[in-house]
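As written, the chain order gives the labels A, B, C and D, with residue 1 at the start of each chain.
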Amino acid sequence: MIGIGIIGFGYWGPNLLRNFANLETARVVAVADSREDRFLKASKSHPAVKFTGDAGFIFSNPEIDAVVIATPVLSHHTLALKALKAGKHVLIEKPMAASIKECEELMELAASKKLLLMVDHTFLYTGAVKKLKEISDSGDLGTLRYYDSTRINLGLFQADVNVLWDLAPHDISILNYLVKEQPVCLNATGISHLNNGIENIAYITMKYQNGLIAHFNCSWTSPVKIRQILIGGDKKMVLFNDMDPSEKLKVYDTGYSVKSDEDKRDMLINYRTGDVYCPKIEIVEALQGVAHDFVNSIVNGTQPVSNMHLGLQVVSILEAASRSIRQNGAEVRL
Amino acid sequence: MIGIGIIGFGYWGPNLLRNFANLETARVVAVADSREDRFLKASKSHPAVKFTGDAGFIFSNPEIDAVVIATPVLSHHTLALKALKAGKHVLIEKPMAASIKECEELMELAASKKLLLMVDHTFLYTGAVKKLKEISDSGDLGTLRYYDSTRINLGLFQADVNVLWDLAPHDISILNYLVKEQPVCLNATGISHLNNGIENIAYITMKYQNGLIAHFNCSWTSPVKIRQILIGGDKKMVLFNDMDPSEKLKVYDTGYSVKSDEDKRDMLINYRTGDVYCPKIEIVEALQGVAHDFVNSIVNGTQPVSNMHLGLQVVSILEAASRSIRQNGAEVRL
Amino acid sequence: MIGIGIIGFGYWGPNLLRNFANLETARVVAVADSREDRFLKASKSHPAVKFTGDAGFIFSNPEIDAVVIATPVLSHHTLALKALKAGKHVLIEKPMAASIKECEELMELAASKKLLLMVDHTFLYTGAVKKLKEISDSGDLGTLRYYDSTRINLGLFQADVNVLWDLAPHDISILNYLVKEQPVCLNATGISHLNNGIENIAYITMKYQNGLIAHFNCSWTSPVKIRQILIGGDKKMVLFNDMDPSEKLKVYDTGYSVKSDEDKRDMLINYRTGDVYCPKIEIVEALQGVAHDFVNSIVNGTQPVSNMHLGLQVVSILEAASRSIRQNGAEVRL
Amino acid sequence: MIGIGIIGFGYWGPNLLRNFANLETARVVAVADSREDRFLKASKSHPAVKFTGDAGFIFSNPEIDAVVIATPVLSHHTLALKALKAGKHVLIEKPMAASIKECEELMELAASKKLLLMVDHTFLYTGAVKKLKEISDSGDLGTLRYYDSTRINLGLFQADVNVLWDLAPHDISILNYLVKEQPVCLNATGISHLNNGIENIAYITMKYQNGLIAHFNCSWTSPVKIRQILIGGDKKMVLFNDMDPSEKLKVYDTGYSVKSDEDKRDMLINYRTGDVYCPKIEIVEALQGVAHDFVNSIVNGTQPVSNMHLGLQVVSILEAASRSIRQNGAEVRL
């Protein structure tokens, strides 16, 4: 039975509480948030959990083996550091921290203390992404040529991080999950309509050694909610439309293949536009999978799917994107 | 009665022939294309039109007052120059020519000879764009903040120009039609999956002095056809989905307004998400409007909606985008 | 503070418990279900509620003022009768009972004992139906000409009632809510693919004195879930698509009007196909509205929106439909 | 070379002319319509065709081997009779004629004179229906259990026939094409909002010996255009949405199977909801297929896909539906 402490009880906190409470292998010992008014409803339904305004209670409590951090990004590093130093395993909401340096410091400490450090990239545990990974790994898509994601909606302007740090971790983590190679460079552009240096619309284009191109379109100011990723292989292509309740994944029997140098010269591209296939998606609560993988990885000493290395890669890309935006969109090497 | 000669009878030529033939104020005198096999069907239905393999016939024919050029981009300049020198008015398929320099040369010659030079940006004559212009001009949208277009499909890889020169003129011309200001800089990125320097996927981000940001996503390698423009004003926003047969335009009663500096500091954004309104769109054949505007402008000595200045602006942006791509996405001033 | 007892804790029971527990004017005293295994989860989260296998506890408990019955249809009459006789107010899941006779007996008893008898036609409390009622009552639609509903999905075959008794109450209750007049006759057809006399697919056509026609298409055996109602007035028409998360209601500026007898003879119909308008829908949990209306009506001695008269009308139509099906689709007067 | 005469040049006539003109094995000799103003455009593009106001010209012309009748339904019988008597093969627009009796008279005459009599049920020649037939014939769907079609739009009120005779032939012909068995009975209901006895909204429910149920929903007064057929087999189900440009057919790996009498008693239904598959549809102009099948069948002495027997079955169902409507929806045996 792993004792769990949760720090941060804003939007996501109650979901974490519910999902860890549902695990048979864990017990939520305490929840901390400086805004104690957030506890009202939850404390009634969870009489056995200690609700406190003092995060220190979590770090010092010997019944707590693992800490879940669901606070704003800028506080991740400080809180995770304290938790690790107190000998607790740590699960942090995405993105892991505010810089590569912060991530690496946490990772080194976790490694040296043999503690688990995991990042909550929830999307990796959805039925759709699990099926997508399965399809991609099967080789059916061929070599991936492009990855084009759009994640826009009418979101809250955040005061600490820009729209890329808020929304792009979902799409970057999925890409990193599907593709083993690492990107070599990126360009990013964006705009802050409040003129406060926090972009509410931003774009990244990222390139890989093998010719894969990835593009991310993020916005907090779209009147329609679009959550769509288009993935093109040279054999087949996939549309992942997360807003479609019944056909989230569509696999198109469409590719583009060039057969020889001569073909290339003649620009003869063999298009195949064929059948479309919508695989059945397992209906699961993704966060349940996260909670289960976290506790299981602690118990078994294994690495979770959404591990700290993937978490670091996501932050590396976000940091490079921020740099590119500051340099007027110039290419940044990764 | 304006005598019309058409040069180039590939994909678009038969549509031009049909639409000019339908005009009561014009008469198609001749059609020229070096591939005479393309004439077979049309010559039967249009016995009064001269079909010829020799474009020179068009330039020298005194019955021809105006020449329509529907050939590959790289030949636009040469053919239009000959037509203008022969004293003919000219309508060129988009984009006007392959460089700013070529465009300017044509524009100067047209101006000095008092001939009409027009570019066929067909989209400006669609019912949807006419309604969009009406809505935008009414002030209902407020100040435009962003313009985000996606135009992707499974298209033919072209041998002479990249995907931006092929597809983006539609979206750039619409943007230029809606917004009087000119952009100040852009970044573009892209990839040529054939490694021949002709990008099949490419992106542009473009900025205006007043904070408007525009983004263009173009691809010849998408299994689904998406033709979508999202336009955000600070009062209302519009989704133009050209693939939706019955609801091409959706006007969202959604804006984002910041009221004062204090508000800005507190990041208090007033979101309004309200009703959606799909205005009735006039059903017209846009190309009929182009043909009519061309002949009418010749007769009346006026400038058409899709005039040469707008055509030059489109090419300016395309040329800058190509330069940015060659410079690894670095910002290019316009 | 109204004391609530709930009988039946299957699919809908936990929702009832949660919504009554959220009310500040009510207190859930007890929940009864003969299958006590259904209580496991809920009893943890609701330590103050008595969970019992004995419905008799509910009837005899003096702390319970009102009983909510969420059991199979065939038991509604017996349980509601007991509750009323015990002096409790009653809320019954739709449909109210298995026959007109059963409904009338309950209604008479409730009236004579001055107790509230209400039916849970949840749809009447959704944001979409409330907005629909508002639009209809405003007169914008003109005179209603047709009402055409499709409610099909892959549902569980039920052992006690056919697909009409299961699904049509939603659509019939909405129609009854919108239209004051009562239908004069109906025809119903259907099929039982299990050959057990319980139709899994069935249709009703119903007519009103004033020319309104209503049609209901219900199925448990559709691979796609469709929940759609098309309502045609002679001035405007509405599409209510409950599966569309963002545009549930579309109001079409389309009507059909015949102006005079002469027009009629000439069959000149003025079609107007104009703008489409998607009003903003209030996002509410409909069942919260039901719970609130029930308790409020008890306290104030008023009639709720989803009152017993409306409940009886729904059962009247269902009973007539069953008779028509048994008579091979022959017309049944209402 | 088969000489073709076309009678009736309203909405559909120009399409027939163009498609027969495109055939290499036929020559359109003449087109007749009493409203000669309809010829203006076509006569220019088809200088070799004789346009006449006198249908008699068609019957007496020895160069005409076959007559295509595209006039209102009520004139089909008279015109086809004349054509057959004049020794011409006949293609009639759907529905074949206004009654079973009329159809049978034509069929007998055609048989006795060894002439081809064909009905233009165009839908049978679409890529979607050809693929649907292929899927159905393969046995993949299992035994068909239901067929549910909705064909509604804002159509012209017709002066001679009701909405069933206008729209249902499409859906009935597709059903007849897919299923060899004949229905045993039907019920139909409808309403004439002009009170002229010509229904603008109508419904049919039809039953087969083997438990198949078919339902048709037709309306001229819907603000949205829906053309949708849902076909349920006990192994798989198909949704044919003719308004979806890219995914007209969706095959659902969903069925319902009851294994034994015991299962039936226990109501244990095995639902399988699995993958969805959208087969590639051949893009063809269906009317070209009709024209080709007509001429080909004349030349080879074979029966076309859309033959007179299928045409008679369609009229039999329409006639029975009209009778049921007159009898207040009572069941009519077929």
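We take it that a residue touches a chain if its C-beta (ideal position, glycine included) is under 8 Å from a C-beta of that chain, and two chains touch if they have at least 3 such contacts.
Source: prediction; values computed, not measured.
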Name the chain whose C-alpha centroid is farthest from the C-alpha centroid of chain C. B
Do chain A and chain D face each other with the same patch, meaning over half of the contact numbers show up on both, or with different patches? same
Across the interfaces A-C and A-B, which one involves more C-beta pairs in contact? A-B
Express in whole angstrom the distance between the two chain centres, defined as the mean CA positions of chain A and chain B. 39
I'd like the Å distance between the centres of chain A and chain D, where a centre is the mean of that chain's Cα atoms. 53
Can you work out the whole-Å distance between the CA centroids of chain A and chain C? 42
Could you list which residues of chain C touch at least two other chains? 224, 246, 273
Complex interface listing, chain A residues touching chain D: 246-247, 253, 273-280
Parts of chain C lying in touch with chain A, wherever the complex brings them together: 45, 47, 224-225, 243, 245-246
The residues of chain C that touch chain D in their complex are 145-146, 148, 150, 152, 154, 156-159, 185, 187, 189-191, 193-196, 201, 203, 205, 207, 211, 213, 215, 217, 219, 221-224, 230, 232, 237, 239, 250, 252, 254, 256, 258, 264, 267, 269, 271, 273, 328-331
